């Protein structure tokens, strides 16, 4: 874990959401909002269930197109990866899940196995390389999903409630991984409804409430002195999902 | 897993090539003929002798007479052996065939439930027998498939002055064997060629009730198919088959064929 | 009925007797139907997967037609192939009529819609789970076809078996395009029809039992391979 090779230092293109909103079957799930993410920050998106956190992630990552406004990278689109709450793994061995990801991003065949094993090692899965990914425990599956994202060498990593279904030990492993990604030079955009986790990881906080962006501020300030009534209620634990 | 897949693909490809490779070995002709001839076992008896004499194999496609004519018309068979003299002559006249020759005869027989409710076994002629069936409105199973046997049956009804129809007359649209199977199941009268009847095992209560009228005479003819219309056919080989059927060896082979001790086909090629 | 017991005895005698004619018929049946399934699969698997992934105008109509073709009567398929391969037909030149090749072609036509339609359904379901992940990884639609086919492999084995079942059980098509020629195009089902028409019901039924056993063997083999793979790969 210590031989962390930083990604080549380049400027990660800023991500701009301008007037982005989303309506589905006449229901507004996300009201128009502006958001700009830049640098190598860890941004945690918080808010109660149904606030629109997952939707915001998918819009930012490009899995969904907004029904209003514009999502754009200033400059080239960066390398990205996403880790979901329920990891979607292929019905293959743990190792094959990783070599597949390497094949997709164009890694030459002869280098794939070695790189995949290295990633398995990093995420504590070396002993499980031959196991079918689908029979791994929840924590192991999430680590495998992180290993897969690791191999994509993302400049921006999206994580959607990656620890929601995990036990404390597994949560710790995921958080350690997020720190590693960050130290390697990856910008993080992650949703959580866990206040402690946000405390531990965030550089800045985006607070969503009822499909609206109510606050976006540096973590220190957010936790010390929230600017909005919703922010204050959230910190007091009155707005937990 | 991958090697297993490749093996399967290989099997598949040999399957396709099988059609081609089998063709290259012995020369053969395709003969369109009737199910009754095939089911009797006649071909199993005489074709090996022909093959031994000439080195030519005969592949028999046994279908109804109507379909056999159609196959020959489209140029899908090298030779034709059927039993519908009127149809055969029309086939030659229309220019599809160049020569037609009598090969052999067998005869039709009337089959029915052992109890013979219509009393056809006492009839003097086939016309009378059929009239009795119609009068008694006893179930009668007809092939109803435009085959040679079906056409012969309809001509016999016509000659008897009966227009078959109604509840008791059942057109099955099946070959001879299935028709016999059905007749056995519903205790119906049925007209069959003798060959199929003798070879037929699933008789249940059925019995041979009427035979011997000359009107039941069933002539088989061999036809040479027009080279002009279908130049791609194996006319040389087909001619050898045609000639062999009419030759002394061929005629003897037909006469020698018996089922359960009975001779079924009587060679009658004119030797001129 | 003594016929039934008789049929089992006949079936047993057929198997134990290793009659070369019967072995030829069994081998040809397997060869024709397996070839048909494999050729159909080579086309239908990617086709079904593509249909599951691509949205295009008229897609619904294509799916409806494909599903309807699953019920295509074998005789109709046989007749169509007959007209195609007949000397008077467009492909008459090749002289394929009344050969095993013609039977394979007819069965491919029967099996292809089944494999394609069921593959479409299975792949579409699986893709529902995978879509976001694959999109996130930047996997192109074309690249998703092999990915999803491989991941749906256990379900697809059953699909292929359904195809094999249809191919090996049908008689209408192979009868017309093969001609049931003794030693050349006679397969299990056409032999059963012939024996039935001879009124030789015990032999016909005996052959039927042998055919059933054969299909069961192929299914068991596929099941075994599938289970082993499933245990190893999840």
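Here the chain labels run A, B and C in written order, and each chain numbers its own residues starting at 1.
Here, a residue touches a chain if its C-beta (ideal position, glycine included) is under 8 Å from a C-beta of that chain, and two chains touch if they have at least 3 such contacts.
Keep in mind the model is a prediction, meaning the values are calculated, not measured.
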Pairwise touch network: line, ring, star, complete, or other: line
Busiest interface, counted in C-beta pairs: B-C
Closest chain to global C-alpha mean, per-chain Cα centroids: C
Centroid comparison with subunit C (C-alpha atoms), farthest chain: A
Rounded Å distance, subunit A centre to subunit B centre (Cα mean): 78
Chain centre separation in whole Å, for subunit C relative to subunit A (CA means): 47
Distance from the mean Cα position of subunit C to that of subunit B, given in whole angstrom: 32
Subunit B - residues contacting subunit C, complex: 1, 4, 8-9, 11-16, 18-20, 22-23, 30, 35, 38-39, 43-44, 59-63, 74-76, 175-178, 180-181, 196, 199-203, 230, 232
Subunit C residues within the subunit A interface of the complex: 129-130, 132-133, 135-139, 143, 147, 150-151, 153, 232-234
Subunit C-touching residues of subunit A, taken from the complex the two chains share: 58, 61-63, 80-82, 84, 88, 90-93, 100-101, 104-105, 131-135, 152, 158
Interface residues, subunit C side, partner subunit B - complex: 28, 31-32, 34-36, 38-39, 42, 86-89, 92, 95-102, 104, 179-182, 184, 194, 196-201, 225, 229
